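Look at the two complexes coming up: chain A is in both, with chain B in one and chain C in the other.
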Partner chain A sequence: MARLVRLYMHYAGISIRSQMQYRASFAMAATGHLVVTGFDFAALAVLFRRFGSLVEWSLHEVAVLYGITHVAFALAEAFARGFDVFPAMVRDGSFDRLLLRPLSTAFQVAASEIQLMRIGRLTQGLAVLGWALATGGFSLGLAHWLLVPLAILGGACLFSGLFVLSGVLSFWTIETLEVVNTVTYGGVEATQYPLSIYRPWFRHLFTFVVPLACVNFLPGAALMGMPERAGAPEWCLWLAPFAGVLFLLASLQVWRVGVRHYTSTGS
Partner chain B sequence: MTLVRVENLAKSFRVAERCPGMWGAVRGLVARGYRTIQALDDVSFELSAGELVGYIGPNGAGKSTTVKVLAGILVPDSGRCEVLGRVPWRERRANARDVGVVFGQRTQLWWDLPVAESFDLLREIYAVAPADHRRARGELVEMLDLGGLLNVPVRQLSLGQRMRCDLAAALLHQPPILYLDEPTIGLDAPSKLAVRSFVRTLTRERGVTVILTTHDMDDIEALCQRVILIAHGRVLSNGSLKDLRTQVSRERRLVIDLADPMAEITDPRATITAREGARVTVSFDPDRVAAPELIAQFCARVAIRDLTIESVPIEEIVAQLYRENGAP
Partner chain C sequence: MRPYIAVLSANFRMMLQYRAAAFAGAVTQVFWGLIRVMVFEAFYRSSSLVHPMGLDEVVDYVWLGQAMLLLTTFGPDPHIREMIRSGNVAYELTRPTDLYGFWYVRCLAARIAPVILRAVPQLLIAGLFFGLRAPASPASGAAWIASTLAAMLLSAAFGAVISITLLWTISGEGASRFLPAVSWLLSGNIIPLPLFPEWAQGVLNVLPFRGLADTPFRIYMGHIGPGEALLPILHQVVWAAAFVLFGRWLLARAMRRVVVQGG
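Then we have the complex of A and B:
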């Protein structure tokens, strides 16, 4: 395990250094990322100024959910984007090179690409989340403060799992399937807002199939001291983030099936 | 001691077939036609420790497929395969520690990194102890003359330089078995010689077991004690280069430069196969007539300026074998 961590740092160092060779391009990408996501939240704030609230939710409350989603997604983008560029590796045959090494393929794919520019979204997400928690007038105990990183971790795992799944499809088809992207980006968009504003089938999709609600809306409701709005027992809300971890583990199992398929077809 | 054992290996691929044109593209979305290609039909062979075996065959014969199965990248449809007592695809990672693989067409190094950094990363990937790594690296750098290349990013290397670095990279973890898949493809003459002499040293002095796939018969003649020839996924011949020759033809050739280009030259035990000006090529079967006897015959009858004796080039032998087995 310690060896894998060291090895991951080595891979990360290489990826970061090669990005730093193009400093200006990195700076622009990161700043651009920050500005674009910044405008995104500004637009949200403007709507709230105009309409006051979204059903029963205030701007601060929505901002907590928004912040958690974006921080989690930025982490997943930074650390699991390798799975997103992975279909190209299958197409040009360089995936074979990973199979020649005495390491798991998922590890090598994840470690092959660490996107520093995602620091833009990360900064913006943290700023929004920090602002909302500090000025929203929530009463936060120690447990609540621990729930924040837990929800973020669960979310990062879940989005990473989605990246793994979208990568895994390339073992079967070389056409890029937009289905997973729809869920991923649609999920980011949807979970910026409280899930209770959506129709039941949509809520169920994002609770039980792709459990985005479990890493965002449900712990968010507990965090802000309004479990009654979640429509689930309070203990569920506290444990919900682990669904993200389980989702990632399940995705990695699908990955293994994909690798086995690849090695038996060679295509 | 047998290091590699392959028995009745078979592997087929399903290739999607698309009909040409717009209509074909649309139809491909709904129902796709597949064609099955039998890459390996029934391949069996064994490798003993320290052997250097040439693995040859026409394009698409199944050479790379065999190497991929041995490397654990590909799972065969049927048959058995053991490398150092392990089934490669079942214990892919353990197998990877004991084999080195070089694909001539594709580098194993990190494109943007200086060579030395790829080596460092490989040390960690294979968990080689620092002292062992330093020693192995030092030896390889010296044998392959990599001193001046270590700080150059891989993308800036010439093909020959890159191949030398790839060879070193495949051997840093000191595997007892090495698979070379067309390591001399596209190389210039000095690079080819460098690769050959390195591989020779490796087997002779280090006892590394090598499988070499190649289209270059000079590689085979220079290096291999044994040659396995496959076509259409089947082993056609497995033995020494001499065996391969006699299997196809025992023919020898006498190339004679006559003093008088118009001179007649005949013998019932030989046939003239080419005549260009004063140069005549005569083939004969050494079982029917010994070379010295034939030469003495000719010398007695006509004036000869120069004379050489040849075997059929291995290229011709192989081409004939490919032809006989219906290869394209």
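Then we have the complex of A and C:
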């Protein structure tokens, strides 16, 4: 285990140093990211100004959900981004090289690219979350404070699992499927808002098929002291973030199946 | 005129090769549209006040916005970017055509073809299943088509300016990251412009961005009646002309100092 950690740090160091070769371009990209996501939240504030509330939710309450989703997604983008560029490895056959090394393929793919640029989204998400928690007037006990990182961690695992699954698809199709973006990027877009505002089929999709509700809406409701809005027993809300971890573990199993079916594209 | 038409049709044929990708893109955008529609439905449920735009109109606006999304995302033209990076832009100078005109038509083709390819299936799906209504009247429909064409001219003129700035910056990281975000917000693609606060309306009306999305959409649904449509369309055309002139001037300046790398 210690060896894996050391190796991961080594991989990360290489990736970071290579990105730092283009300092200006990195700074521009990171700020650009920050501005883009900043506009996104400004738009949300404009809507609240016009309509006052989103059904029973206030801007602060929605901002908590928004912050959790964006921080979790930024972490997943930073650490599991390798699976997103993985289809290129299958297409040009460089995945063969990974198979030769005495290390798990999932580990190597994950470590192949660590994206620092996502620091823009991360900063913005943390700022929104911090602002909402500090000024929203929630009464937060120690348990609630622990639930925040737990939900973020669960979310990061779940989004990583989605990246793994979209990578697995490329074992069979060789092409990236833009359709997968509907649940990754679409999932971020959807879970910025409380899931209860959507139509039933859509809620079910993001609760039972892709359990994004478990890492965002459900713990969020418990966190803000309004479990009655979630429509599930309260203990359920506290345990829900672990669904994200389970989702990632399941995705890694599917990854193994995919690797076993892999046939190289040739030279 | 002949060479320009050739560029236009060559680009069209190239884009048509990517039908499957365009269809997948359309499906993804329909899903996004659904999310946005549901969010607006919830916002309208929360407030009994009268807003400058009804829910039906916002739904139309969202679907048109998804269908025409590519008009508001102007990165630099990928071919021109590649030519500038590799130095092949020198060949462009030897062609017996006006360089700006040539690049402008290139940008125009790169807008029109993918927009039509994506918009048609999306408008059909949204119209059949998800509550997009037909244009308010035949006159509104005709004015909408005119305004959409003007939006394409404007979008291409803007894209040409950004492509030309690559002659200075080469990577284009800066402009191509910030501008789409600005134009999404200010053209109405994130939130319909009439829902912005009163104090912002004056500025939004003057800026060029509304011509990319807001103007044609509101003409479509009759929010701007066909009788009042002339002035907003003129606003689009004037801005397009201004960007064309600016692009021309910028390109002429760049050409005076261009140094082509040998090899």
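Following the convention adopted for this analysis, the second predicted complex is superposed on the first by the 262 of 267 C-alpha atoms of A that agree within 3 Å, B and C clash if a C-alpha of one lies under 4 Å from a C-alpha of the other, contacts with A are read in each partner's own complex, and residues count from 1 in each chain.
Note that a residue touches a chain if its C-beta (ideal position, glycine included) is under 8 Å from a C-beta of that chain, and two chains touch if they have at least 3 such contacts.
Source: prediction; values computed, not measured.
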Practice prompt. Using the touch definition from the top, say if A:Ile197 reaches chain B (first), chain C (second), both or neither.
Written response: second
Practice prompt. Check whether A:Arg3 is in contact with chain B, with chain C, with both or with neither, and answer first, second, both or neither.
Written response: first
Worksheet item: In the superposed arrangement, which partner chain does A:Ala12 touch: chain B (first), chain C (second), both, or neither?
Response: neither
Worksheet item: Which holds for A:Leu99: it touches chain B only (first), chain C only (second), both, or neither?
Response: first
Fill in: Greater chain A contact set [chain C / chain B]
C
Discussion item. Taking the superposition on A as described, I'd like to know which of chain B and chain C A:Leu239 touches: first, second, both or neither.
Written reply: neither
Worksheet item: Both chain B and chain C contact which residues of chain A?
Response: none
Practice prompt. Enumerate the contact residues on chain B facing chain A in the complex.
Written response: 11, 13-14, 65, 68, 71-75, 89, 92-94, 96-97, 101, 103, 106, 108, 110, 112-113, 117, 120-121, 124-127
Fill in: List of chain C residues in touch with chain A within their complex
21, 24-25, 27-28, 31-32, 34-35, 38-39, 41-47, 51, 171, 173-174, 177-178, 180-182, 184-185, 190-191, 195-197
Worksheet item: Contact residues on chain A for chain B in the complex?
Response: 3, 6-7, 10-11, 14, 18, 93-94, 96-97, 99-104, 260, 263-267
Fill in: Touching residues (chain side chain A, partner chain C) in the complex
25, 28-29, 32-33, 35-36, 39-40, 42-43, 46-47, 49-55, 177-179, 181-182, 186, 189-190, 193, 197-199, 202
